[in-house]
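For reference, chains read A, B, C and D in written order, and residue numbers begin at 1 within each chain.
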């Protein structure tokens, strides 16, 4: 049973937060799509709104009047069951609706959803609203990535106030041992989780030791200086192709000038802080780094089992696990069945959370997933031996 | 001798006109680049400004302080001699500087140029200012094309007030004969012209007859209905590939719905007006249409010789001539030498002017040029037999 | 301890078998590379020879004289540690050495290896020869795939005698149950295996039932006729893109004509035999078919555990498992360390063997792996529920 | 009136010559297509045969039995009117028919054509046979280019006996003057010519001086050493892109090793002979070289008018002229109308002939044409000032 008042609060807070993240953008920053994986902030604001409109108001509120018939086509992301849509690479070409209109659309749908929630809605509807909130929270994190990418790829490297910052992990470095045995994996409580976390099941884990801290910039610079990016023996074949074809020689946003490594954050360039965790790295880089250390990355099961022993939550942590369904995975009926299941091929799992993950949105069973060459998300490395 | 007062007036009028063309745009419309040939309006506004800054103020005004050191990199178009620059396909990714900053940049450079013009500037400087004005006028026409393209490729087909409109050519259709003989080609007066028009020279012309009117939409629909787009015998091999690969079956901006052909202008969709000249067609289409009529397009020399006999100026007219240097063509020294000469391969000449060509910017010797597959410019067809 | 006489026999038999597979080819068939994944038969014959030359003769036989200094460059596949090489997509452009020269090269290396084996070689050398034999056996299977692809993509669909044929699985269909529990996975005996099978380890398996037969053409045609290739809900997002972009509507080599489905084998077209197992399907298709059946594919662990209960060996069977290292996976030192490990990302595991797998080359722990969109290998489907 | 006996002799000689050109090839060399512009020698041998079969035997000989129904599909080049065909980039994938079968096909069609010629054929048929001979002669020259390309792009650089060799032009260098005036252009005699040479017409030519010799390797090395390939001011914008994207720094087949420039001919590598004409250069390179010399290339009309004053015939000479129709150009009816006309866009004209041009196939009015970036043909440079 979801408490309606609690849900209303959470919904409102969530709707405000997305706009808060964009508060320092210029209108021009809202519409651009520098690479296919990065969506325009305007698109995120509208798409998360369309999600409530489509799956709550259109689906259940008989009195609802669609804000604009074109928007379903413009702001559907990947739900084939919800009709045709603008192809992903063309999101950055939409100059209309304007940012102002998108905010008006947001207000309209927010109000209508609140009004609808005041009627005596069913538990099913409340559950879908909760999914909508969690969906928008996921996009809040993507907004953080995408804004950094958009600004960080301007020739002028503009800066805006910084909303997130990494902290040094000050504890002494050590490896934590986990014993061999059968462990239970998956989400158990009644709290919200995504379908891909469900289906508690046993897994056999070999004995392993896992680092209590993330890999730091200091260590990563050692890897660079030891020719890590030029030693093919450290890389997957596909990773080595990626390095060669894209001339990769450092994490994303790293720039070498004035004889030093700097990185770009949305508040501009800083000299690298050696004690902070390294971030914005791909799975290929995480793997090569682990090879170089003669260690490895944890599987997602090892991570879940060991996670209570260390601090996590600053950066998503690449695991050695491909993103595959749990035994007894069941996808939801209808369009929401497309939420997770259809991506379960060619991707790798990240566990944990990042400084851009909305409060209360993280849990140890959360399965994040990305293509192995991507690195604009806030990703880091934890080692196992 | 260029009169300074006259030049000041022309300069100011030109600077205002570029901004007038953009008056109905939303900020979002200024930054997008839907295909590589279409530049963001913001870019045009800044690039034409950079042209005056670079070739007048930086070059000649010792007291000039550059507005922003980054802008040369951002807003140089293709002048290798003027340094590195943002690659053309990336113009649409620049969200910064903002539209507001670009207008401030425009004002700054306009004022500095006017102030500099008030000092006793040389004839050479006045000549380069005149080039700068003509350059900006060319971009005014490109702005018209690009704005139409940007709005016409929104899924929502927005509309703004229309600044240009085609007129029906009401004269009776006839062919005008030109006698065989030696004719002189090229610009002769002291008025401004581009380097590619210079070098008056003789050419031998065979007898020909040329239409006194442009081809109309009515005629073009006949071509479509007679399977013109599906009959490979009418097309160049390269044109046929272009038709097949892009599924071309009508001029750009034509849409068939409600059982009729419509076209998009910036003021929205209209049913096709059969009596207006057909526009937004490629060289390949113009050629195929002429083949279908068992006629041909004029050469640029035929056009120039015959042009006094008919009305022109509504649409640029595709000619059968490749864009090549005139005998004795001399390109200018320095970066301005890159203005025209280096494009003299793989392009076709259009003659005349269009409704979007700035007043006083057209003349019968003007050589416009585009790739044969392009059709977002305001182009039409005049036949010869 | 590997018996030298036994090894000599196996080596000789293996060398002959590769040539036997090519016996019906025309010289022209040996050199072509229709897609990047398919290598020219000539290349396979030379590459497997180079493997023995490089890793045995050059490495250990002090008296060995390299046959041709160019060949290491031409016939290295992907061993970065063994030097530069012809890029994979260019294998089909090599007209020289000729087929005749490649056979001479084969004879030379076969004789030199036999002579070297007659000297008192170490156990390590015998082990590498055994790897070389297994390596060549893998290429024998690829030869079967590639020859079928090359001939099956000729506009003329030539035919040659057929060396392999599928058998109907005549047993009654049933599901075989496996109990929940901890099972051991991985290669245990002293027989040859690849490094990726080593590291016996425990895994926890949930209860499941697995089919005793492969999916048949009859069932697959039902899937097609029920619009399986047009129902996006059955497919991975990546699989659906693959279907759309390549207009996939049937397994590879299937052609619909004379109102019936036919398939191409190297001996020409045949009407589909409904009772034979369906083959030449991608992981995406196997997955979609299982979705349509409301079942799933086995994991590679489930397969290995259950494999003694059913007949296998006609077709490689797609599993639900991504190709990842076993716990404690150790790659070999030097160039042979590149054999398997560096491919452990983005691929899916197939288990079993096919009719083209060399005798004695199959075992239940064998981990074959391919990209999920590939289907020119002899692959089939076994279902789990 | 074409003399039948003469035609028979010419036909037979032509058929033999194509095979003579291929006499030193290995079977493997016949089938490969390293880039889209280079066709497999086997394809040339079959396509020229298909041309006689299609346009003579099938068209006129009622008793003719088609050799193989598939061959029209396989060996049609670009005649849309003659039906569907294998796409050009796939010519190199055809392993069947074999080389041996193609020779059998040649013999069959040669014999049938000779037999048909012995019947009392019409003048029209004899004219088409003459076109067929000229067509095959054009392919003989392409065979020379393609064989050099195929062998010259083997990693092993094989060699075969050389059938063509350039001669030093020993006359003293001078410029030959041509007076201003009206000249006649185009083919006049009754001898064979292609449709694109017809339509004698007047052209006005400004006074010019043209070199009596081709540019030599010595001069071209000076251009290279003066950074000609790195000075963007010398190049067309499209040419500069081509240089950058392909890392061009010398003519095709030039290799710098042992501290010297060498070039590859089909008989292997030789040190550059400084006194020979430079060959295998693109239009872009010819243009840039002329810019560097502060001269220019001749137009095709200048070339034709001046050609009697100098020796030509070693290399095709790039002209400044785009390939466009002459006034009154008429393409033939039916499929042969596709021979020339449909290529009249985006190409540049070369005049003269090369050492690989069949005897009696060259004449001063001959218009050869290629894309400006191509350079595998035997092309050279003659300057005008």
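Criterion: a contact is a pair of C-beta atoms (placed from the backbone, for glycine too) under 8 Å apart; a residue touches a chain by one contact, two chains touch by 3 or more.
Predicted model, so just to flag it, every value in this text is computed and none were measured.
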Selected from A-B, C-D or A-C, interface repeating B-D by over half of its contact pairs: A-C
Chain at maximum distance from chain D, centres defined as averaged CA atoms: A
Between chain C and chain B, distance of the C-alpha-averaged centres to the nearest whole Å: 58
Centre distance in Å when chain C and chain D are each reduced to the mean of their C-alpha atoms: 45
Gap in Å, rounded to a whole number, between the CA centres of chain C and chain A: 37
Residues of chain D touching at least two other chains: none
Pairs of chains in contact (touch as defined earlier), listed by label: A-B, A-C, B-D, C-D
Touch list for chain C against partner chain A, complex: 78, 80-81, 182, 201-204, 206, 232-233, 235-240, 283-284, 287, 320-322, 324-325, 327-328, 337-338, 342-346, 348, 372
Footprint of chain D on chain C - complex, ascending: 26-32, 34, 42, 70, 73-74, 86, 92-99, 150-151, 153-156, 158
